[in-house]
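Read through the structures below before going on.
In the two assemblies presented below, chain A is common to both, partnered first by chain B and then by chain C.
So, the complex of A and B:
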């Protein structure tokens, strides 16, 4: 169902939706940027269309809305445990197709991998409606087209933002009551980006042999990567976490168990009691992450984990480019080019 | 309260604590869990933390876990007394294919605490020795003071061909010394087809012990190993134990060698 709405009408609708939904979108956080006097674009609650930043990519993905950085699993007292209630608010998120596809990857891990559903993820996830931002230009580091994640039809509403109005494709009938009294009917089908500036070729998973794991190409990352984990925290698809117990009182009887985001690039990710761990070198960790994103997730689920949002390139303090890494692998695996370091 | 919450542990009272060595205690918990041999539990003390620990033995209404004091959680577990509670969830993982070993010549090579996850298998076949053609058990520890389950090892010797060795003896040690690998060639294997080998221990021990068995022409598919990894969830979500496309908590911890040899951390 298509509509054309004036910006002010769209804002009226947002205002009404706010009674029932928390509304998140890409917005500007002033003076929170990496350098002094710079801003950062991230996800936060928005009030109106003008709050939404469309001409810059967000530094962080929207994943923390459904998969918080820290999430309490249960509180404990001496004899009992109590699971916190789920937040009651329903949620609307303005996001691009790549991120919707990224959340599909999170769904895959949390809801499909292993014998149990992750109930904490599920109870937030099922409250979310996607408001897809039409994305036909992308940004310099994006390579969603190569990852086949530039398109999706999984949205409640798709939106084209024009100067004075918005075009809407409404799929979710629950929302009809909000939209039907505004604007005029106009057929609208969102378009999708057809070509990015950055492109990757992915080596065919069956061709990536164990020799590739030991290849010297990874050594550069041992030299360059400082193991800060920004690539993981900014990634829409990174889902790893670690359990953490904390207590509040002096006698240590009352506290909570929570999970916190974990990074495969950071020391101790694999460490067991006694201190023994695996993948001590940064190059091995880069290999582990790369293979997960473009090789072994595919072997398990039939599609790649990486959606090509390019945020890992944007945030890396050492200017490591993931898309270049993928292309280097392709060159080695598919073209037998071992000279490229 | 959420239904079907896989992260919620249940409490289980400790009914017995056996000091195996200075740093290894076996805790018996009263619980109704019916695990397969080789599976593990996520064990915790709320406020301290949670870790995967293999089940060393089990029976009607109880499970045993042999826990070494090596970190924050295990230090605190060692402070617990009979009557105190541990919190558990599970069992998780795949366990050893016990049925496949019946009627065969079974060889188990266990290094250090690697003896714990295979102990229930040893006890099963000790009680049902007729179900095996032959049973060779190689056990290695670092030193005499690290020897686990000493009484049981002596009991096993009645029916099982046990070779116990320590890397380095002391003045009172009269038994074998040297690594397990040294004793592998002494095992007499009549028929490779009817032989199954289980190897559990530290990664380096499993690697070189496997190589010794391969040298004896034991086919790869006859060798079984069990991996130890960091795990926060045990159910395929947290990502810590993943190796390539394999989740040790789901497809392991027990692997056939044909699979294990290609798992590169």
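So, the complex of A and C:
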């Protein structure tokens, strides 16, 4: 179903949808940037089309909507456990194709990786409808085309934002009632970005051997990376978490268990009971992350974990570029080039 | 040679060690200026001076080697500087072709602030300009500097008034991944105001100096700056030949309006308590004479402090005395 809608009509629809859905989109959080008098673009609830920021990439990804940073799994007393109820609201998220593909990666990890589905993830995830923002230009650091994640057909609604109107491709028939009374029918098929400024070549997974594991290329990251974890916290596909048992009382009988995002670049990630950590150097951590994103995950699932959103590049305070790192590996593995570049 | 020395000095020209030669002083509030003004400074130095310029500690320029009789000409030449750096920011100068009308209150200097520096908690240039507008021109000897954060790169602690920008970190527990970057950094580089308890960051309000380092460190935006901008005002730091000392905190967690009003009020205080027999007296020594409480009462006149604000009950200025007896007078018979 295609529609052309005036912006104000689209806003009317959003308004009506709000009775049933929580609507999230990329928006501006004023003065909440790292530096004073700067804003941050992140995901939050929006009221109208004008709240949606389209000309800047979000610093944080939309993953926090379905995979909260801190999530209580259950409350416990001495002899009882209570799982919190799932939130009732259904959810609409405005996001770009790379992020939809990113959430597919999260689906893979949380729903298909082990013998059991992650119920906490599933119960939020099944409430979500994607409103895909057509993306044909991208941003400087994006390399979604190389990662084959520039396209997706998995959306409820795809939207092209024009100056005064929007073009809609409606796939989800549940939403038909909201749209059919507005605007005029007009066929619309979203386009996708064909070429990014940043491109990567990924070394063929089978060719990456143990030699690469020990390669000196990682030393550079030991020197440069400060282990702040921003690349992980901004990444749409990083899904690691840790567990915390929080006691409310001094005698440790009542409390909650929650899970919290973890980051493989941060110190405590590999710490085991007794305090021993097995990837002490930042370079080793970079290697682990890189291999997970463009090698190991592929071996298991047949597609890469990284979707090339480029956020890790945008947020790194040390200007470490993940796409550059991938290309270095390629040149070492595929071209036998061992010179530092 | 007949020169009205007092008039020359008030006009921001110096009496120099070389007889017959003066030096022009140019104010640059906040130390930030468009480079087009360099052309004027260069021309003056080449045509009237010795081809050099000194960059002063207060972020002004001093152009030496000028003949006294060239002052009117030079004053006409610096008109665009006076217009651009003073009139345009709201300073009231009656005749911009006659040079600077006062030199007692020194250039308000400022660190680079949040135009460039990631640590800064506000735009220092804007604040220096607002202060300059309120207090210049003025003959009283007052030194003011503003700095973007407690790193105090401008050395606000060496001023009569030092304005330090701070923020009140806002902690959103729901975004915290317990990485402790904020806690470790505050312990290592600041005051150790943060603790990690029960997987959550806990702040000791009394220890937090509002530097904002924790905000910079946080990878998830769990720590952010407060919407309100706050300032710490340190006072009566000085160098000099009697009792050099570092400025002490007078007000903490106050707003911009308070800072400006307090500095303005200080001029009335000086007016009332300055030792008129001396001709000029640096404000710090006036406070030494009247005591902190008299100063405090005068500068807080009509100032409405918000609840978060803190005022020093007492200040031990300390510093060291070159000669303690210098502070005793003999009883004259």
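The definition used in the following text is that the second predicted complex is superposed on the first by the 340 of 341 C-alpha atoms of A that agree within 3 Å, B and C clash if a C-alpha of one lies under 4 Å from a C-alpha of the other, contacts with A are read in each partner's own complex, and residues count from 1 in each chain.
Keep in mind that, in the parts below, a residue touches a chain if its C-beta (ideal position, glycine included) is under 8 Å from a C-beta of that chain, and two chains touch if they have at least 3 such contacts.
Just so we're clear, the structure is a prediction, and the values are computed from it rather than from any experiment.
Student: Following superposition onto chain A, is the placement of chain B relative to chain C best described as a clash or a fit?
Tutor: Taken together on chain A, chain C would fit alongside chain B, as the superposition shows.
Student: Determine how wide the angle is at the CA centre of chain A between the CA centres of chain C and chain B, giving a multiple of 10 degrees.
Tutor: In the superposed model, the angle at chain A is 110 degrees.
Student: Thinking of the overlay built on chain A, is A:188 touched by chain B (first), by chain C (second), by both, or by neither?
Tutor: Neither chain B nor chain C is touched by A:188.
Student: A:143 contacts which: chain B (first), chain C (second), both, neither?
Tutor: Neither partner.
Student: Would you sort A:262 into first (chain B), second (chain C), both or neither based on which partner it touches?
Tutor: both
Student: Decide which partner touches more residues of chain A, taking chain B and chain C as the two options.
Tutor: B
Student: Just to be sure I read the superposition right, which of the two partners does A:32 touch: chain B = first, chain C = second, or both, or neither?
Tutor: second
Student: Of the two partner chains, chain B (first) and chain C (second), which one does A:247 touch, if any: first, second, both, or neither?
Tutor: both
Student: Which partner does A:239 contact after superposing on A: first (chain B), second (chain C), both, neither?
Tutor: first
Student: Quick check on the superposed pair: does A:228 touch chain B, chain C, both, or neither? Answer first, second, both or neither.
Tutor: In the superposition, A:228 contacts chain C only.
Student: Which holds for A:40: it touches chain B only (first), chain C only (second), both, or neither?
Tutor: So A:40 only meets chain C here.
Student: Using only C-alpha atoms, work out how near chain B sits to chain C after the chain A superposition, in angstrom.
Tutor: Superposed on chain A, the two chains' closest C-alpha atoms are separated by 10 Å.
Student: Name the residues of chain A shared by its contacts with chain B and its contacts with chain C.
Tutor: In chain A, positions 242, 244, 246-247, 262 sit in both the chain B and chain C interfaces.
Student: Which positions of chain C touch chain A when the two form their complex?
Tutor: Answer in residue numbers: 114, 118, 120-123, 165, 167, 173-179, 181, 198-200, 212, 215-217, 219-222, 224-225, 227, 229.
Student: Considering only the defined contacts, which chain B positions touch chain A in the complex?
Tutor: Touch residues, chain B against chain A: 1-2, 4-9, 44, 46-51, 68, 70-71, 73-74, 228-230, 232-233, 235-240, 242, 244-245, 247, 249-250, 262, 264-265.
Student: Using the touch definition from the top, list the residues of chain A that touch chain B in their complex.
Tutor: Spelled out, the residues of chain A in touch with chain B are 73-74, 76, 81-83, 109-110, 113-120, 123, 210, 213, 239-247, 252-253, 255, 257, 259, 262, 264, 269-274, 277-279, 284, 288, 291-292, 295-297, 299-300.
Student: Report the residues of chain A in contact with chain C in the complex, numbered from low to high.
Tutor: 29, 31-32, 34-37, 40, 42, 59-60, 68-70, 228-230, 232-233, 242, 244, 246-247, 260-263, 266, 268
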